[in-house]
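Letters A, B and C mark the chains in the order given here, with residues in each chain numbered from 1 onward.
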Amino acid sequence: MTEPIFVIPLWADLTAVALGGLQGAVFAAGFRGQRRLDFLGVALIGIMIGMGGGLIRDLLLNVTPVTLQSNWYLLTATAASLVGMLLASVLTRLNALIVGLDALVIALFGAFGTSKALALGLPLVPAVFVGACAAVGGGVLRDVLVGLPVAIMHVGSLYAVAATSGCLVLAGLHAFGVPIVAAAIAGIVVTTVIRLLAVIFDVSLPEQRMLHRRKVAVETSAITIIKPDEA
Amino acid sequence: MTEPIFVIPLWADLTAVALGGLQGAVFAAGFRGQRRLDFLGVALIGIMIGMGGGLIRDLLLNVTPVTLQSNWYLLTATAASLVGMLLASVLTRLNALIVGLDALVIALFGAFGTSKALALGLPLVPAVFVGACAAVGGGVLRDVLVGLPVAIMHVGSLYAVAATSGCLVLAGLHAFGVPIVAAAIAGIVVTTVIRLLAVIFDVSLPEQRMLHRRKVAVETSAITIIKPDEA
Amino acid sequence: MTEPIFVIPLWADLTAVALGGLQGAVFAAGFRGQRRLDFLGVALIGIMIGMGGGLIRDLLLNVTPVTLQSNWYLLTATAASLVGMLLASVLTRLNALIVGLDALVIALFGAFGTSKALALGLPLVPAVFVGACAAVGGGVLRDVLVGLPVAIMHVGSLYAVAATSGCLVLAGLHAFGVPIVAAAIAGIVVTTVIRLLAVIFDVSLPEQRMLHRRKVAVETSAITIIKPDEA
């Protein structure tokens, strides 16, 4: 497990940052909440999705954040956010592209997080945990900051399961002696495919309460409130 | 203050993690917000309550998170969450048990946080602060992630006061030369008892604005909105 | 860039903490949300605004939080919060004072963050980022904990732009060989002035969607809901 410290190539790391920044900005540009995001808000979401995964990973590993050791990370994330903002009206029509980008971004951050954790000597289970946190952390920060319900906590599209599965495949293959690059590629493929299949077939986890066969309360409200942003 | 680094025994740490995971999952299973939590969301809450305190403590102390140095923490938290989920319908009827577990969990995380901080040479006041953050941090994360008002910020049951008092007793006794284990036990008892008494007698802090003797605005709304999840 | 480690004098650091604590408590005392803050909640907001900037800076830099190395930081933040609470009804009438304090606090935290990052050898862009995060971080934490929309994400008063500009001036001057103290003073002045001008002239960034010349949906709701706390 204690091989010479695994280094993610800068180009790969910056690619993940750029894809994250692009995807985050397109998401944020399409955001319609109670209050609108301004330019800066959209750029911040892009930077956060692009850099959040790496920051969370390095905080959990208690190492100096690699994203703050070079000018390139922030410049890349900011540039990608600006491109995302400018192309937002085009890209939002290409919904499949956004979903695909998002799947790839969580796969990349998950794989980088897990391999760095393994390289630092963490056991398998926490290495997978660090990868999963790096994969979904940017999205959680985004949801909290814009005041949306946090996506991974709710009945949805197996977001965190996809991330965790890929990290588990990576760590498992590595434990059986598969070279880290091959294991990382396998993990990235697994996460991306699970996430895309979940979106395509609209799979979701059963709700907790179905376990108890409780009667579902009638969910119609006495007054239907038409929120302006839904109208 | 700079005694040989104090080590929390693994069994004690894992007991706190397990109790936290159990309590978190039972809470989450009973959660009825605008959107429901799925299995994964419930498990995540359990893991977060079980491991959040230790993670926050180690982040504040800038040491490598001990909960990520071994497979046992995550496995314990996950197993406890699953047990909590399966037994939720039974346990929610035993409300006293849940409140008791919760009081014990914050007491344990507070005591572990303060004693680790003292062992690393922190002065008394920040050591108490680290303990209090470790004690209530998991609950704050939970509230933010599920979109509830953050409990410790609002008129409630002296949650943070109970945690801080126990940590203060621990650190104070330690400053007077009481052995750390005895001081920790005293701190755990103080936090648990204050918290339980606060729940039993429904004590809360006065509101800020009562200081100013401002007139309380009439708090009836023109339209009563019946939310589905309250019906 | 690798000059002997720059040390922020304790009195300057504690002044920033005290101003932050004061300003945070006055803000919190005036807060009227769905649920009210109690004494402890107000004190927590004060402590968070006073100490949050320094904590976030040190977490990002992966150094032991300086605010936890001495009793003075927490004692100062707590005392300032209590003063803020007691004087809240007076101070809220002096709105200009609060806005001025707030501008000065973000300027101080931004300057301290950027100069510490530069002293630790970070390149210019991430040093500015750390300063900006230290400047606005306390406010973001506050908004998340009390359940407000996060101010810097929304059309507002150029909050983050003011912070970033001052940090950029500091780091730019330092790169051209200006001594760090002079550069820090210039940065503090720039942030304070931009922030005050933005408030006075009510400047805000254009909204993202104006880029696309989309038609603005009619924003009137079918039912006007009068919330109690707005009445």
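Observations
Heads up, the rule we're going with is that a residue touches a chain if its C-beta (ideal position, glycine included) is under 8 Å from a C-beta of that chain, and two chains touch if they have at least 3 such contacts.
As the structure is a computational prediction, the values presented were derived from the model and not from experiment.
Residues touching across the subunit A and subunit B pair largely diverge in numbering: under half of the numbers involved belong to both copies. Fitting subunit A to subunit C on Cα positions gives a rotation angle of 120°, stated in steps of 5. Per-chain Cα centroids separate subunit A from subunit B by 28 Å. Shared interface positions of subunit A, defined as residues touching 2 or more other chains, are 59, 62, 144, 223, 225. The part of subunit B that touches subunit C in the complex is made up of residues 59-62, 117, 122-126, 129-130, 140, 144, 149-150, 152-156, 160-161, 204-209, 211-212, 214, 217-223, 225.
In the complex of the two chains, the subunit A residues touching subunit C come out as 28-29, 33-42, 44-45, 55, 58-59, 62-65, 67-71, 73-75, 85-86, 88-89, 144-147, 223, 225-229, 231.
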